[in-house]
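As written, the chain order gives the labels A, B and C, with residue 1 at the start of each chain.
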Amino acid sequence: MLPMLEKRRTLAGVMSWIGLGILVAFILIAVLAPIIAPYPAVGPNSQFLTPPNPLCGACAPPSFSHWMGTDNLGQDVFSRVLWGAQTSLEVMAIGVILALAVGFPVGLYSGYVGGSIDKAILLVMDSVYAFPGLLLAALVAAMLGKGPFNIGIAITVIYIPLYYRVTRNQTLSVREETYVEAARSLGAKPWTIMWVYIAYNVLITIPVIFALSAADAILTAAGLSYLGLGIQLPTPDWGLDLSVAQQFLTDGAWWTSFFPGLMIIILTVGLSFLGEGLNDLINPLLKKGRA
Amino acid sequence: MHALDNISLDVTSGESIGIVGETGSGKSTLGKAILEILPPRTEVKGRLVFRGRELGQLDNARIRHIRGEEIALIFQDPMTRLNPLMTIEDHFVETIKAHQRVSRQEALARAEAALASMRVPESRISNYPHEFSGGMRQRIMIALALVLNPSLLVADEPTTSLDVIVEAQILEILEDLKRTYKMSLLLITHNLGIVAEVCDRVAVFYAGKIVEVGTVDDIFTRPIHPYTRLLLQSIIHLDTKELHSIDGAPPDLVSPPTGCRFHPRCPYAQAVCREKIPPLDQFRQDQLAACLFGKDFL
Amino acid sequence: MPRRGSLLAYGLTRLILAFPMLLILLTVVFTVLRIIPGDPIYALYGGRAPLSVIMALRHQLGLDKPYWQQYVTYIVQIFTGNFGVSLGAHYGGQSVIAVIDQKLPATIELSIGSMIVASTIGISVGLISGINRDKVVDVVGRLYGTTIFVIPVFWLGLMLQLLFAVDLRWLPVNSRFDISSSPPATITGLYTIDSLLAGRLDLFIIAIRHLALPCLTLGLVLSGFFAKTVRANLLRTINADYVEAARARGIKERTIMSRYAFKNALIPVITVLGLEFAILFAGAVLTETTFNWDGMGRLLIDSIEVQDYPLIQGTIIVFSFIIVLISILVDILSGVIDPRVRY
């Protein structure tokens, strides 16, 4: 029994490290895009004067000078894919951090006070959670307008219930712990108990949710852009580039859609590995702490 | 990990034997080993002879027929032992049909008879497990075990999770069974009181080994092994509100103590106890003990 | 008075409990559409139409009234089935309900097909994974569950299109039906059902060929969730006490697996089915765009593009109703299968 546990631990560890590595790599790509991208993100930079495939404009298959080919406007796909990391990470960060900033305090409060207030908030959050996230985000995005910041806010709506749920449930179990009871009997104020004694112990579960919701946020943001509700051209964005590329797919120009999608997959797989790995690492800690 | 080591025990027809020992002494493993339902990757070495057949050598189909039909097992916790999605009726019909070719009516009639003998109202046969109390569920489990008239019933702590009144009822049922059906009973328990009430013979387990076997009379009045003596003391003195627990913790079965496994906790232990493994020797007629100094305790 | 624990009583309770959920969803939609940005007409038309047009539109939709009054009108209209009239370029003048009525069957057909693909693949992978715990098959199965779930559904759709429609030419690229033949007469609006009702097997085959790629795309992405849930639950039930007890009674190993382990493992799957539908609808919007599938998702996005406010609102409200309906159905279904739930 013991050796199996060890094996599981290390598997979770490996997954977390791979995930973290991918995330860091993408952050580096986003930050260093101006240096490492061989071409600017916008504007024709094709080496071909006469496009080999007139059907899809200035697009050209992958070659030595354009590793991932060029798109219909003659833009270097590799460069756009690198620059696109900026947009994706920016939208994701705004969405997830705002969701945490709202969901965490509300969850803490709801779980701590309990009673009918808790039940009411729970019902609202659960109802919103049951609604298709992308549709809700699409609606908010349509009202707020395009651009990374607005899209960030739009996807926040999806993840607030998630952060709320996790925080609330964890608060419920931490609330009954001896040290919280002790603090209460010593006359600590509810505010202090909530933010000093409970919040700290609830925070341990947040990284898992953070990673998993980040993966989903990347997908949702890309989906919004793909639907034409997110980022506007000519800003480089994976989802947006995919929707443009779709028009030329039947002409056989696979590279313009393949590579942006691949970037999304690598980043989201990395974030899920990080989330699931952390979950396997943190859960036993939580159980041990309670025993 | 060695849960059990060198267990040798004969059960004759119609006899009831109590297996006693502390929690973690390997008692429950014995019950499952008999039916070969231990988790996969568990190695069972040794011979289990049941009515002249060696169970370890039978193929899976034969073993399956012995389970339930000839040897039945009832478990400690009746709350989780029934499939929550099946009615009581389904449990019975399925069990009977797994062994015998009978019509559904015939199976139902037998099920109702078995339930009635356990004093479970027949009208509740179409209910689901969650609609019964713990005591009722244990009666159902016993009825389910007996419906095929097995010749050996292994009861693994059948009353531990039940309250005292229900426990008394279940024990009464077990005694009844012994009398009316001439069934052999292997009662696994940590409760010496139950053994005194129900059993003919007792085997005392310590750290996966039998340390003493004998009739209930002998073991309770003239125990030989120091562990048996301490075990009896820890119970008898409860009445005088004086707690005599055995010092020290039960041994770790992953790396059991050398020599006599009880030596770290034995008040009479000598240097030789640490090295020499005591054999199970006969000290009186029908009373065996595994202690190097058994003679001194006669 | 229905007996406690009876299915009817349970179903009625669920129905009553679902009402607050519906009201909350409708309120959220109202809040998003009318309060967040100030007002929808400005958000949709802002700077692109003369002020007089905007004011006239606002008045026509009652947006110049106080919020509480708007809210009451909004709720009353929804429950009297009055969703207004389309203002957009595509369906201008048509009633919103009529437009939705045309589009809904396409989405239902896509959703059902995808659910069939997702549950078949997902449950199989989960069961195989769970039975062969920690073996190579299991690792592959788990990896599948994790990765397939994060593949963008529109990207997968494009790649499958590229492979099966553009390269191999086995299946049509997109749309619900061949341009050269006309779809069956509308009875249910589901082309597969309608063609069978009309006794036209040829049309049925066309409909299925068009359904294949979109359903495979969406079904594959959704199957990951099923696979994970089934595996986790199977690991729990395979070692359950009642399985051990059944084995001790000499029940056949095959019966134990199907009636004890599998069936009990599939119960929690019904509960996650509700959540799965939320993901399904989100995916359907994207899949409909990829495959030019003329359903509710396309309608919503098109309405947003042409700023058809009543149609946007109507589509979202219909989605809310469907979500609530599914949550009731899922609860009742788990009540039918699991007797414990009814209490």
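Definition applied: a residue touches a chain if its C-beta (ideal position, glycine included) is under 8 Å from a C-beta of that chain, and two chains touch if they have at least 3 such contacts.
Computed from a predicted structure; not experimentally measured.
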{"item": "Among all chain pairs, the one with the most C-beta contacts", "value": "A-C"}
{"item": "Maximum centroid distance from chain C, chain identifier (CA atoms)", "value": "B"}
{"item": "Distance from chain C to chain A - Cα centre to Cα centre, in angstrom", "value": "23"}
{"item": "Centre-to-centre distance between chain B and chain A (centres being mean Cα positions), rounded to whole Å", "value": "56"}
{"item": "Distance between the centres, which are taken as Cα means, of chain C and chain B, whole angstrom", "value": "54"}
{"item": "Two or more partner chains touched - positions in chain B", "value": "none"}
{"item": "Touching two or more other chains - residues of chain C", "value": "none"}
{"item": "Of chain C, residues touching chain B in the complex", "value": "239-242, 244-253, 255, 259-260, 263-264, 267, 337-340, 343"}
{"item": "Touching residues on chain C, where the partner in the complex is chain A", "value": "20-21, 24-25, 28-29, 32-33, 36-37, 40, 43-44, 146-147, 149-155, 158-159, 161-162, 166, 173, 274-275, 278-283, 285-286, 289-290, 300-301, 304-305, 312, 316, 319-320, 323, 327"}
{"item": "Chain B to chain C touching residues, read off their complex", "value": "32, 35, 37, 39, 60, 64-69, 72-73, 75, 77, 80-86, 94-95, 98-99, 128, 130, 141, 144-145"}
{"item": "Residue ranges of chain A in contact with chain C within the complex", "value": "123-124, 126-136, 138-140, 142-145, 157, 215, 219-220, 222-223, 226-229, 239, 242-243, 245-246, 249-250, 252, 254, 257-258, 260-261, 264-265, 268-269, 271-273, 276"}
